[in-house]
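Okay, so subunit A shows up in both of these, paired with subunit B first and subunit C after.
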Partner chain A sequence: MSAASQYHKALIIAAFSSLSLSAFAAPVAIGYQAPLTGEYAQYGNQFRNAANLALDEYNQTHKAAPVVIKFADSKGDALEGVSIAHKFSDDNSIVGVIGDFSSTVSIAAGKVYAETHLAQLSQTASHPDFVKISPWQFRNIITEAFEGPYNARWISQNKIKKVAVISIQNDWGQTASKNFAKSFKDAGGEITALESFNPGTRDFRAILTKVARTHPDAIYLALMYEDGAALLQQKLQLGFNVPVYGSSSMYEKKLIQLAGPAAEGVKISTTFTASSKEPNVQAFVKAYEARYHVEPSMFAGQAYDATRIMLNAIAKAGGEKASREAVRNALAATKDFPGVTGNTTFDPVTREPAKNLSRLQIHNGDFTSVAN
Partner chain B sequence: MLLAVLWLLLGWLDASYLYRLASMALVFGLLAASANLITGVAGMMTLGHAAFYGVGAYTSALLSSQYQFSPWLTLPLAGVTAALLGGLTAWLTRRLVNVHFAVATLGIGQAVYVTLLNWVDFTRGPMGITDIAPLSTASPAINLGLVMLVFLLCYLVLERTVHSYYGNALRALREDEQCVAAMGLDPAKLKIQVMVLGCFIAGLAGALWAYSTRYVSPGDFRFSESITILAMVVIGGLGSLPGAIMGALLLTLLPELLRSLGDYRMLVVGSIMFGFIMFLPKGLIGEYSALRVFRSHLKALEQS
Partner chain C sequence: MLDFFDVFLVQQLLNGLAQGLVYALIAIGFTLIFGVLNVVNFAHGEIYMLGAFAGLLAIQLLAPPAFAVLLLVAAAGLVLGVLLERVAFRPFRRFNDEASLKSKALREATLLSSLAISIITRELMQLYVGADMQSIPQAYLLMTPIQLGPLSIASGQVLIFVTALLMFLLLQWLLFRTRLGLSIRAVSNNRLGALHVGINVNHIIIATFAIGSLMGAVSGIVVGLYSGNIFPQMGFSPGIKAFVAMVMGGLDSIPGAVISAIVLGLCEALSTDFVSQGWSELISYGLLLITLLYFPRGLFGKKVERV
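Then we have the complex of A and B:
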């Protein structure tokens, strides 16, 4: 095909996909797909804020070969996520993709990236099948296969023998509760109840009463903070007084704001704590607060690190000359990357990340580090 | 004809994003066209169309991934499963009219969604089904061509149904059920037939969606999908088959074309929808003008 016709073709594609023409003269770009509007918009916007922060820091030290991030709104909808994946794949300036938020959308989009050979790094997708799609999928979040056993060991170390588990009925919640229950039983404990609720549930009294009847010594919650806040308040109203442990997804200031005194004493393990004394975490928290006037959550930390890992891989793969394949290989070689969510290493075979967790307890309306 | 030109154009451009948009528009075109048959032509307001779409998608996804059925066998089976559910729904609700039928379909929609979500052993629940084979292993252009072929066949069937004496009986059913009974037709039978045909096509659309996305999860078949389909029918023109296709095209492509607007995108889509309903309450192509075009064709045929 002649150069002119190639050019016309490019023009038409650009017009159709409402891309700017500069995409073809192209500084290297990262595609970022996330729910910027809709039900999960609060997460998507934290991702965007954190990613922009990481990008500006990178571009300041790499003035010769700046990178841009192209954001696309998936609304948390698999339908949109797949369209975005095709769009990003057609955009030659994009050498790597970050996102999506939920495992469902990440997997649906991942099927596309697996075929178009574009590296995808999700900051949050913890579905066990996600990284199994193809060698092009990575994640910067420890899965429930890691967190569940960690929390189970933590609880049994605290001499608790009987635990009831309450989880959200989605892919993540199911894996979380199963993994936790299995390792808690292996550690010699007893699971008195394994309850789940459909997404969107606001009344947890029925579940709580049912759980209370099994007389657990503690409850383990695998759910999002907004559900957690409602559940904790209703638990307090019912006078159901047992210690609560939660998954890292509950680590969020809003949990304390929404639940108030009901959140007191809740224990959570997490990869990121804004109150950490580590200098790089403090620098990130300060910069984030200065720019967005709010303390960064774990989700912001995950996205900040994911963006930095991707930028690092692009730089290693040759900056402005980086190819999609080189970026994938550089990502796969990520080892001991010093992030705000702990040092991250991608397993070269499974592409699963390894990180370290810290333990927190809500005390006097704030998250404080605890030893056990 | 138009489809062939489109196919050649897309083949020349060869961009996976455009293939994706085209197949998404076709799937929703089928959904809107089948919902139009039920809601627009026969006047049975359905709020659970996503249920039949979802049953079709899951039938083909499960048969393909668990039992290694060939895609060409699962397409009709997906349609048949959805049609069975649709027929059963219609038989149970044959005495319900207007808003009562709408609420019944709403219930079916919720029941199917909750079943897909919670019957973990069979549907894999919220984990969804990931290992679905592609429609054909040939190029994406061939895949899109196959989707177009199925679309075309369904369109022809719907076109012959809607613009026939049978279609007139359905429109009479919409206007006055007792009058239809007085003319010696059985309204219950008509309702069941309409639901069986409409749901068969919705099931086919579900199978096409499963094969083009190759991952299905319950979230794709929520109540909001039913509402989107209904909005396509109303914006296109209730009772008008070409209108339903136009409505589907508009509501699938508009959000994509407006992507550059960023966070304001859905606000603009909503405003445009509002504008269409305010200024074109009969739809993009109203039922009357659609019928007039087809009737003039018919007259021309008779004269020649």
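Then we have the complex of A and C:
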């Protein structure tokens, strides 16, 4: 091929692309796949509500280049998720995709997006394999691999050197306690006991007595709030007075109702609290309640942030001129994005999110924010 | 090794004793009913759970003094026992001839019907009150610590000890010192013979269910308030342990069941200390296996062949 014909070809492409931009300037779109019907419909609908809220806020300030969101119902089904992925990939207006809800559907759809080179950002898929599919996958939810080390750093910052870990004997509990223990040791701390209990255990006195013998300065709990409530009450009765830190799975109002005074002083880190005093969280909660007449949950917060992160990436990638690749690169460059679920940074290599979690302590029967 | 003989070990033995007594509380009623009918009452764990819920309901609606809660729960247990017998057991006791009494098929049908009642009750409770734990008003919790030097006992542990002791003694008195007890022992020993000497077998069986379930229900509320857990699944795990204690004790020996239950509790606490809590169940079931292999009639069972 001669240089002249190459030049002509480039000219023709340039002409067409400028034509498509000026004459056919369709607004750029985000594809949002989520279970809007079926077993997980309650989550999908919260995502849609939160995403629409974020979109309207964005379009008010970007009137020149508005963005639209195209929703598709995956019904929580992996096959459905794959066909949506094909549909979204064929739709040239879509420059980025948010969703799906579960890791299973997100991974199935993700394999398509990996082929078609369309950036996918899941607000909730926490399976380790999800972001490993291709450089086109991102997530906005932290995993145990982030939370354990975060809490370990928090505890060592509070000058606590010896910690005993009590966790539930299942996949999640084991991962959570191991991740925590490893980082705590790396931070120079000592793990005095690493105990786990069978799911269904209701009497924790034997474990607590065993742990007390090792004289820890604090206890770290990786368990569900119901187990936590029983354990805290029995700990109080045994007169075993050491500070308690818990995984975010214990962040639940019911914990305080069940454990009463035994829950006082427990420290937990979490991503989203509707009662947070942060101005941006308050603004979101207020707007969400005004529009949908219900307090936003953690899931709504996750979707709101995911949508805003995607919109931000589209704006940075050139707004209405954004290409799929530019959006992906802008997503990967997300750094300290201020959201309602904490400030988010994507690791440029692993594409795992890092957030500064909010630290809570139970005080006078309520979760209150603390600095350390 | 020597540093294990410290105050924590004593505390651990106390924990184990309390846990064993919890199993014993359930095992007493379990064994009583088995003795009379020769059939395992799988719904006993649900009577225990319903007793706890009855107590919680009384606390929420009436807020009576703690002692009155126990009386109300005892009454509820009595009614539940009679109902249970009527629904799950009576339909399989239509015939009193020797062949029916010795029929394995009928006994298995009865056993399955109690299992069915147990599952239905548990699932219905989950459907209507939800599977999660109920909040208990703090004032009623039996968790007040009683400090004995470095050791800590909960008020509930004292109550469990007293309840278990009372139940055990009352039952022994009832069985060996009263006319009702004599009739219960007669039915348990030979139902046909009891019938022939003019004992109203149906009444005795109903009475046994009433007494056994009363004890089950009272254990439920006491343990519920002591552990701070009241939820529809609560009867399952301790029910299984009480069943193990009953089998180890020789199926129809109440003292045997109580001793085995305490042994189980102690073994669980000590295995948590020396190995880990994950292994404690293995140790309980290991003990059961050893008993069945080497003492097929249980540690305290009568030396007679069971039909």
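Quick note on the criterion: the second predicted complex is superposed on the first by the 210 of 372 C-alpha atoms of A that agree within 3 Å, B and C clash if a C-alpha of one lies under 4 Å from a C-alpha of the other, contacts with A are read in each partner's own complex, and residues count from 1 in each chain.
Assume a residue touches a chain if its C-beta (ideal position, glycine included) is under 8 Å from a C-beta of that chain, and two chains touch if they have at least 3 such contacts.
Quick caveat: nothing in here was measured; it's all calculated off a predicted structure.
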Exercise for review: Report for A:212: first if it touches subunit B alone, second if subunit C alone, otherwise both or neither.
Suggested key: second
Review point. Touching A:203, do we find subunit B (first), subunit C (second), both, or neither?
Key: second
Point to revise | Partner chain(s) touched by A:68 [first = subunit B, second = subunit C, both, neither] | key: neither
Exercise for review: With the two complexes superposed on chain A, say which partner A:237 touches: subunit B (first), subunit C (second), both, or neither.
Suggested key: second
Practice item. In the overlay, answer first, second, both or neither for which of subunit B and subunit C A:226 touches. Key: second
Check your understanding: Is A:169 in contact with subunit B, with subunit C, with both, or with neither (first, second, both, neither)?
Key -> both
Practice item. Using the touch definition from the top, say if A:326 reaches subunit B (first), subunit C (second), both or neither. Key: neither
Review point. Between subunit B (first) and subunit C (second), which, if any, makes contact with A:187: first, second, both or neither?
Key: neither
Review point. In the superposed arrangement, which partner chain does A:287 touch: subunit B (first), subunit C (second), both, or neither?
Key: neither
Check your understanding: Where on subunit A do the contacts from subunit B and from subunit C line up?
Key -> 169, 198
Point to revise | In the complex, subunit C residues that touch subunit A | key: 6, 8, 11-12, 15-16, 18-19, 22, 132-133, 135-136, 138, 141, 143-145, 147, 152, 154, 227-229, 231, 233-234, 236-237, 268-269, 272-273, 276-278, 280-281
Check your understanding: For subunit B, which residues count as touching subunit A in their complex?
Key -> 12-13, 15-21, 24, 114, 117-118, 120, 125-128, 130, 213-215, 217, 219-220, 255-257, 259-260, 262-263, 265-266
Check your understanding: Quick one: in the complex, what on subunit A touches subunit C?
Key -> 169, 195-198, 200-203, 205-207, 209-210, 212-213, 226, 229-230, 233-234, 236-239, 254, 257-261
Check your understanding: What part of subunit A is in contact with subunit B in the complex they form?
Key -> 9, 12-13, 16-18, 36-38, 71-73, 75, 77-80, 82-83, 86-87, 89-90, 104, 107-108, 111-112, 116, 127, 129, 133, 169-171, 173-174, 198
